[in-house]
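Order of writing sets the chain letters: A, B, C and D. Residues in each chain are counted from 1.
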Amino acid sequence: MRILEKALLIEILKGLALTLRKMLFARPVTIQYYDKVRPVPAPGFRGRHALVKDENTGDTLCIACLRCVKVCPSRCINIEYEADPETKKRKIVKYEIEALRCVYCGYCEEVCPVNAIVLTEYYEYIGFKREDLFFDKEKLLKNWDEFIITQKRPYLNPFWKPRGIPEKFLPAKKRQFTGV
Amino acid sequence: MEELLNELKEKFSSVIIEIQKKDYPTLICKRTGFLDLMKYLKDEKGFKYLIDLCGADYLEYKYKNFEERFEVVYHLYNLDNKVLLRLKVRVPEKDCWQYSVTPLWRTANWFERECYDMFGISFRGHPNLKRILMPDDWEGHPLRKDYPVYLEEEQEWKTYKEFKEKIKEQS
Amino acid sequence: MATYLEINKKQVNEEKWEEPFYINMGPQHPSTHGVLRLFLELEGETIVNCTPIIGYLHRGVEKLGEILNYNQTIVLSDRMDYIASAANNTAFALAFEKLMDLKIPRRAKLLRTIVCEMARICNHLLWLATHALDIGAMTVFLYCFRDREWLLNIYEKICGARLTHTYVRVGGVRQDFTQEIIDELYKFTEEFPPRIYDYETLIDVNRIWLKRTKGVAVVPAEDAINLGLTGPVLRGSGVPYDVRKFRPYDAYVEVDFIVPTGKNGDTYDRYRVRMEELRQANRIIRQCLDKLPETQGEPVVAENAPDLLIPEKIKKPEPKPVPKKGVIFKGEEIPVVPPGEAFASIESPKGELAVYVISDGSNKPWRLRIRTPSFVHISAIPYMSKNHLIADLIAIIGTLDIVLGDSDR
Amino acid sequence: MLERLIYFLIAAATLLVIALLHVAYLTYAERKIIARMQQRLGPNRVGPRGLLQPIADMLKLLTKEDLVPYGVDRPIFYIAPFISLVCAGTGVALIPLWEKFIISNINVGLLFILALSSLSAYGVILSGWGSNSRYAFLGGLRASAQVISYEIAMSLALLSVVLMAGSLNLKDIVNAQINSPYKVYLIPQIIAFYVFIISAIAECNRIPFDLPEAETELVAGYFVEYSAMRFAIFYLAEYFGMVVMSALAVTCFLGGWIGPFEVPYIPFFWFLIKLYFLLFVYIWVRATLPRYRYDQLMGLGWKVLIPLGIINLFLTALLKLIF
């Protein structure tokens, strides 16, 4: 029996049958990119950076606490700020992210006490020069504008208020946060 | 576990300086006679599997209570009794060497090469002590505490500098 | 470089007709799985000597770990074994938690176990794909990738990234699963086992596959332990050493699974072990999912876990009763992390991944040592490939399941 | 005389163009079929459903830089691809596509094709030798050993066909099949067919016997150093070889142009159907099977196929003697 099976190439024929079956009946699982784009990434996908725009002032929400600068493992965030001498309120002068250095860990959005920075779910971005992927404040705000019009409001990024993290880990402002 | 430690302490009283019990029992050993201890552990006590061998640099370490600068740390495992044992040997900076355990565990071959590469601790009796991760003509030992994390331009790898100049000439 | 020159010097014996045939396999070669370079001395097609040369992907993770805080170091671990990064994350986190003496909530443990086992399936699928492709069966490659894609999509929903997850943090995990993820994972565990038969029909009993794998690169158990081989490679030789059983971590104590072992220690046995592990991993995921509702609503981070941004200094809290005169409490710094050392190891899909960390009280590790399975496995290539053919060398690289990011760190 | 020459030239040119188109679209078919077997899409960008892909590939390869590595043996390096192509392609002229369409009806047709396919090994060996690359050299060595050993098995398989037909002329072989009780030699010569198909796959260096080029072992084997047009020619030669070998199998075992019923206006219909099926088998096998190891390949050739061929030949001769 064994010899017969071997001589008749039974196991090879089984393999051939499998590939033939796949050819005739299975549908391709790949898609041709750009004719068809894969469905929108899951909420919380860590894609292009953006600074959340304050609807009222049209400026960023950032309070220049520098937590994101400190937590960034690849040190790709650079902030310059000036402090108001009277109120001691800080104001951002420069907010730069070097996207080529970023490792997309999402720590910055998680530690931000006011939910000013976000890694949006937008992933199809390119640059022809290095400067194109060097985001300054204007570009980051523009990224937000481009992103938010595609979203349902209010928008809440999962990393702003991670599921299952006890409230005491979150800064006061984040606890009641429901989205922008 | 206790029995083993007591037995070792009796038998190798000249080798073992101290026994600590933190997360795993730790033997702090002297260099002389260390190979005998290892051989005993492997052949008689069934520590057949060397999980890890690494170096550590204690330059300006805050909680240090010994003089020597380096430490070589061994993690041994007994597959039958499920016992993990940590051994430490302190190596002074001036004569920076340690006995090789490659004849006992073949795993140690590359671990020791890496330790030599990163800390400059040479291993006596190693068949092929060469750099492994860094290029052969690299200067310095990167994991030492006095080795900078960000290199200055003049500290760059020689071969790379020559290569850059060569490209400049050609273009 | 040097190896080549050294050997070149001693060769070319003019009196002799034969001169050894040297071949440089890699660092650019389709089947060395990365930038591994093998310097081969051949006699015909038989390998007389094989010298692996590594270090082309050396990024200094151990050194970088010394300037980043504990949570940031986990980001580095993603880039080591980038095929199963969740397992690396867990290994790092376990060592740090041991150091900080944290108690992890049960839910976080279950979640970690799930992502670790998902990583195992991902890794074994990729291993099977490349191993089969190396031996020439190209269709298995695509089928494996098809199924791996599904898992990556689930990963994307879990943590927002497909490859470099950074899902585990010191003290727990970064966020909880949603019901949607749990449902999808259930669906996956239902549908995955039949898909394994797809691959097995193509290669399992195929005479060519058997000829290429049976009796190739046999490692006896004694030698395997001595060489430090771990994981499926060691279990293929018949040693049932599995960190999940021997030193259980996370939720592995709660779940029921079998550690498959081989007999002969050849390439085919290692293949069988890994195929069986795919099924076991599927079972473990299933059991963990079943246990998840029991822990509904639990936090996923330990009570006293450090923040993501571990502060550089902590001031000692002022004691409530006023201290004696002359004793200055205010402003005295206490260690952020208890000084000391910790060693933790996990059964990563490739083998035993051990992390040894020494702390000096600051928020950064003083010394971070990572023992990676690939590093040890590559060092076994000279032993395993002796007197084999070049074609077997490809099978050996495949069966060891190495990733150069893992070995070079 | 002149008339005959013109007829001959036109026929040869037409055949060449058709054969080249077949070869080009064979690459397309291979990519598409394997893609579908692996649940992929396959080429679909150039033209409708990617139908112009082979032409785009060809244009791309022709316009690329012709790289000559340092230290190669130039004349050999230049000429090797052409040897392969010519040897593989000439065979088409001898195949009787139809009763009345055969360009060169010589009496030793079968022998000539065998000779050509042996010669095509020269292209492989020379390119391996001339490239001054160790991988190419190993590929060349493997190719020479493989081609020589499988040549024998193939000749033995064909020899039994020759015995049955009593002629080396390919047209006569087909005619003999038509007059035989089974209409095709596939049934009485099933063992020979088995041996022949396996040797043909090996002869064309296809998976599972693609040792000389073994992508994952020797990178690309003998043509690792080639680029642009010369690379394309090697590629063409390989697919030409497949077409010729399949056509030979159709002629010698599957009864050439005859079919169960007559198809009007298309005399080549049955020939092409059989040819396409065999080509599909090549691709199908490639999508399914892993690769043999070098020594196992040799073992299979010498220990299984050649004895089988000899036994079959002996049996055929015996039967021929009795009946």
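The rule is simple: a residue touches a chain if its C-beta (ideal position, glycine included) is under 8 Å from a C-beta of that chain, and two chains touch if they have at least 3 such contacts.
Chain identities (UniProt): A = NADH-quinone oxidoreductase subunit I; B = NADH-quinone oxidoreductase subunit C; C = NADH-quinone oxidoreductase subunit D; D = NADH-quinone oxidoreductase subunit H.
Because the structure is a prediction, the values reported are computed rather than measured.
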Quickly list, by label, the chains bordering both chain C and chain D.
-> A
Report back the single chain whose CA centre is most distant from the CA centre of chain D.
-> B
Rounded to the nearest Å, the gap separating the Cα centres of chain B and chain C is 23
Let me have the rounded angstrom distance from the C-alpha centre of chain B over to the C-alpha centre of chain D, please.
-> 60
Chain centres from averaged Cα atoms put chain A and chain B apart, in whole Å, by 41
Sites on chain B at which at least two other chains make contact = none
Would you give the residues of chain A that are in contact with at least 2 other chains, written as numbers and ranges?
-> 12, 15, 18-19, 29
Residues of chain D that touch at least two other chains are 37-40, 287-289
Mind listing each pair of touching chains for me?
-> A-C, A-D, B-C, C-D
What does chain A use to touch chain D in their complex?
-> 12, 15-16, 18-20, 22-23, 26-32
Chain C contact footprint on chain D (complex, rising order) | 34, 37-40, 134-135, 138, 207-208, 210, 214-219, 286-296
The chain C residues in contact with chain A across the complex are 68, 71-72, 75-76, 78-79, 107, 139, 146, 149, 153, 156-157, 159-161, 164, 166, 173-178, 198, 201-203, 205-207, 298-301, 303, 305, 307-309
List of chain C residues in touch with chain D within their complex = 21-23, 29-31, 45, 132-139, 141-143, 146, 202-203, 206, 208-209, 211-212, 389-392, 394
Which residues, counting only chain D, touch chain A once they are in their complex?
-> 33, 35-41, 44-45, 284-285, 287-289
